[in-house]
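To start, the structure under review is shown below, and the notes come after it.
First chain written, first letter: the chains are A, B, C and D, and each begins at residue 1.
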Amino acid sequence: MSADQGKVMALDEAIRSYVKDGCHISIGGFTLSRNPMAAVYEIIRQKIRGLHCYAHSNGTGVDELVGGGCIAKLEIAYGGNAKSAPTCIRFKTAIQRGEIQFEDYTNYQMALRFHAGAMGVPFITTRSSFGTDIVNKWGFSKEMREKDPKIPDNKLVVLDNPFGNWGNASKVILIPAINPDVTIIHVQKADKFGTCRMMGLAYADVDQAKAARNVIVTCEELVGSEELRAEPEFNQIPFIHVSAVVPIPFGAYPTACYRYYDYDPQYLSQHSAFAKVDKLYREYLDKFIFGVKDHQGLLNLVGKVQLEKIKADPRTGYATGLDRK
Amino acid sequence: MNYTLREMMTIMAAREISDGDIVFCGTGISLVAAMAAKYITAPNSIIFFETGAIDSQLEEIPMSVADPRVMYSAASNGGLLEAFATMQNRITGDRVIGILGAAQIDKYGNLNSTAIGDYFRPVTRFSGSGGACDVASFVPRCLIFMQHEKRKFPKKVDYLTSPGYLDGPGAREKAGLMPGGPTAVITNLGLMRFDQETKEMYLAHYYPGTTPQKILDNMEFEVDISRATEARPPTLNELNILREKVDPQKLIL
Amino acid sequence: MSADQGKVMALDEAIRSYVKDGCHISIGGFTLSRNPMAAVYEIIRQKIRGLHCYAHSNGTGVDELVGGGCIAKLEIAYGGNAKSAPTCIRFKTAIQRGEIQFEDYTNYQMALRFHAGAMGVPFITTRSSFGTDIVNKWGFSKEMREKDPKIPDNKLVVLDNPFGNWGNASKVILIPAINPDVTIIHVQKADKFGTCRMMGLAYADVDQAKAARNVIVTCEELVGSEELRAEPEFNQIPFIHVSAVVPIPFGAYPTACYRYYDYDPQYLSQHSAFAKVDKLYREYLDKFIFGVKDHQGLLNLVGKVQLEKIKADPRTGYATGLDRK
Amino acid sequence: MNYTLREMMTIMAAREISDGDIVFCGTGISLVAAMAAKYITAPNSIIFFETGAIDSQLEEIPMSVADPRVMYSAASNGGLLEAFATMQNRITGDRVIGILGAAQIDKYGNLNSTAIGDYFRPVTRFSGSGGACDVASFVPRCLIFMQHEKRKFPKKVDYLTSPGYLDGPGAREKAGLMPGGPTAVITNLGLMRFDQETKEMYLAHYYPGTTPQKILDNMEFEVDISRATEARPPTLNELNILREKVDPQKLIL
């Protein structure tokens, strides 16, 4: 890798280098915002299989990975995607048919697990979920856990507070860290070494990145380091955590990228219609994913007119008045 | 005056929000209720989202808690860790009122939003907890939106996603949870509360046009109806706020 | 409090309202940057006594609070202040004479303790300090801890990893949360409701604020909410955590406030000379703190010429070429 | 060629830094060494501070790790939590080399920067750990600057602030620490390393003009001197870098 080029790579090369069959993965964003969709579609296109995926509420992206047949195991807090799919349809189908192994957590717990991974501790504490089936029902059995060194021995552990009643807590829940083999996020701006500037909500992207062995950053704009370094306090991820940088305009489409474009309600609701019927969904994959060479190919199918409609208003950061019915 | 049941439900929820409350919101009807409350009873209430947006200026209704519409002109845009810490932390958490929905609820207000049937091979799989279990674990007050149908008010939930009062008085504390629990269940037929002593659900209000008995007919378990009174319908002012200020595009209502 | 005024208060009123004798306190900043010095001096001026202070490396401010006789108990990671005082002089003197009770932690541990307080958990995990006297030597005895409900029952607890060898960790250290009665921070910009924008390093200010029952924010500039809300992702503290907002230009002086002014090497080195001799230090307090009505009084003694010298260069954010020998 | 002992120490440390290392820095001589390394052996090394600044552009020498000079044009300005997580986390932590100083060091490289005498009523109180114990706990390699005086190399440190190899082989792992430990102790007389097997300090290099025996005379405990060779003095190029590029204002050297 030359210094000139930094860590800039083509998307297919980045996916091929860091996303292997069976690897443990997480993606950034939340429901219909800032999912690294170009990367998700490339993973599907490369027919990567057997992924172990960690998700809080990574709606659009995770549902496509499930639908694309890439995921074997899923640890997840929320498989929903707003109005167009209150429960993500391919996720729902896969679970009801027993096609994937899964385990349920809460959003805070998943965020904390990435946080613990980023911190480098084996577990972290919370007071969420005492007395619930989140604690009582394990998706992965004790046997399976003990056999697989990449899965912790327990789902969650309840511990009596060793500091007496400090913090007015008699007990706490310990939840194990996550350290994915690879995390993929999509950001508004990055430099060629991987320093990132996100706008709007950061969700859990920062900890997801810092917890991962390798990080692929896709970005709307590749900018000069000096632009980002003018206000270092607003760069959420420094380059030391990043393995590859891939500039892809509309890289989060059909999810939103704050200040750049909105989610595409038309694509998402059509997608839901396809997702409900196996045959239609296969046709959808064949046309929109396998039928095109890359993300630009998908964008071409969508067409400029539609992309223009979701362009962000500079004042609000979204497409003001967009028809979202 | 004409109004829909969804409008009635929204107003019933809005009236539960007090001025100064920090309102944890999802989307849909719960968000509309929180937005309406700011015009009615609680001008200084603060809407916040599990994604990390605090006091968002909602010029348009967001369709998801990650919708760019929640980011616009907020006091701060953080992330999930910050949002949930705001609720787990007693200093700010005690000011939060949560609004949740579910597929099933039992008489102690325990919620299922994960699966119907066997956990591993469910008849119907839902989205799962998201932040619901966290909110229900942390905050002192929760409103719950439900559709009043027998299968949605079972004796026992198929999967306990979010804690209500678990199995009764003292159970939250014994399990390790903070005090708190659901304060009201708002359905298309009425509003239920929980008895201070028994922690069991009881009927507090039934909507004009329905009866306590009809409500009982739509639940698998029995609730006390002796304290029930007829709910006050939405006022013209309340309806105008919903229709003109909160959801003029009719995205939700 | 009227809506017009928000939470804006005079400094003496804010200190009187929220900083009581014996209360548990923390202050923001780090060594010679962004300490809330105006507030520190007002605490000394009001002769508040018996404070229980939590500090990572809050050099200048904590040393003055110790010297001013305000602190009875101190939990601290680092009592140093750069070249002018490699060990803070009044801190060193007070400990050597047995004038305060103290307990040692590490910087990460103190930062984590505030983090746990902000999160609302009774303790958090780290892998720092196994086998050291940080774990083995407690400044506060078990008896003292059990008598005082505002001190946790243990200093630190070593726990075997209940997740097997997850994270390649056989053990972890559990450290108790801190929830101060009051935290005082100094920031560059705040609005009247308390939403804060910090520039440069944030140290542990955000968690210190979120962990505290009450927060006093002093700021260089009181700005309109719309200015801060134009980029909410760069506001580190939302107003819901803040009790009082006090605009005080040069409120961090003699420590630095990035992009506004540098630390004053002359004041700090003179201060060290005073601090070494009890009599001189008393004279210093009498002149610079008790001898003036407020922070502006101290600034007047320092003089405009000196303040002009430490003004920040807009390019670098500090006083380029400042004589710091 | 003339050079001061501080210049010699700085260069000895700079030579220990490899290209691509992430260098945890304090201030003073340790920072000067890290800055010099970027011109000598390690152009792509990254200087970072416990306060949260990563890859700062140091146009002037900061006097504290919180000095505004560390904030200028960094890749990011975070906070303490982020900085220490970078070291505790094995993914980035394994790339970090720490540079520390102390008041006392024992033969296993354990450091005291807290107090001389009794902990509660010390003869001399120092600043305390700061981030030193964290760094020594987390990172695989540490350089330690010391002044070579008998009382600073005692058989047992008065207070064990930062872990070296504790009481010998396997002790770090047994206590719960990550592998790692000090790699070199750089003094005004020479450079010591630690034996792979015994984890005990030994003399690796003595500076021109001193002798292994003189070094032993300045330590309370005995170290192996059989492997010692004379250190290579700073080159003209190295000195020019120190004097012209790194510290032209002579703030540190």
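Rule of thumb we're sticking to: a contact is a pair of C-beta atoms (placed from the backbone, for glycine too) under 8 Å apart; a residue touches a chain by one contact, two chains touch by 3 or more.
What you see is a predicted model, and the numbers here were worked out from it, not measured in a lab.
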Both-way neighbours, i.e. chains that touch chain D and touch chain C: A
Chain whose average C-alpha position is farthest from chain B's own: D
Distance between the centres, which are taken as Cα means, of chain D and chain A, whole angstrom: 40
Interchain centroid distance [CA atoms averaged], chain A/chain C, Å: 37
Where chain B and chain D are represented by their mean Cα positions, the distance between them in whole Å: 57
Set of chain A residues in contact with two or more other chains: 120-121, 126-127, 168-169, 172, 179, 200-202, 233
Residues of chain D touching at least two other chains: 53, 71, 77-78, 81, 88, 90, 138
Overall pattern in which the protein chains touch one another (line/ring/star/complete/other): other
Pairs of chains satisfying the touch condition: A-B, A-C, A-D, B-C, C-D
Footprint of chain C on chain A - complex, ascending: 116, 120-127, 152-154, 157, 159, 161-164, 166-169, 172, 174, 176-177, 179, 198-202, 231, 233-234
Touch list for chain D against partner chain A, complex: 22, 46, 53-55, 57, 71, 73-78, 81, 85-93, 95, 138
Residue ranges of chain A touching chain B (in the complex, touch as defined): 29-34, 56-57, 59, 76-83, 86-88, 91-92, 95-96, 98, 104-109, 111-112, 115, 126-134, 136-137, 139, 158, 168-173, 200-207, 256, 258, 262-263, 265, 312, 316-318, 320-321, 324-325
Chain A-touching residues of chain B, taken from the complex the two chains share: 27-28, 50-53, 59-60, 63-72, 77-81, 84, 88, 90, 114-115, 119-134, 137-138, 159-163, 166, 171-173, 175-178, 249, 251
Residue ranges of chain C touching chain B (in the complex, touch as defined): 117-121, 179, 193, 195, 210-213, 225-226, 228-230, 232-233, 235-241
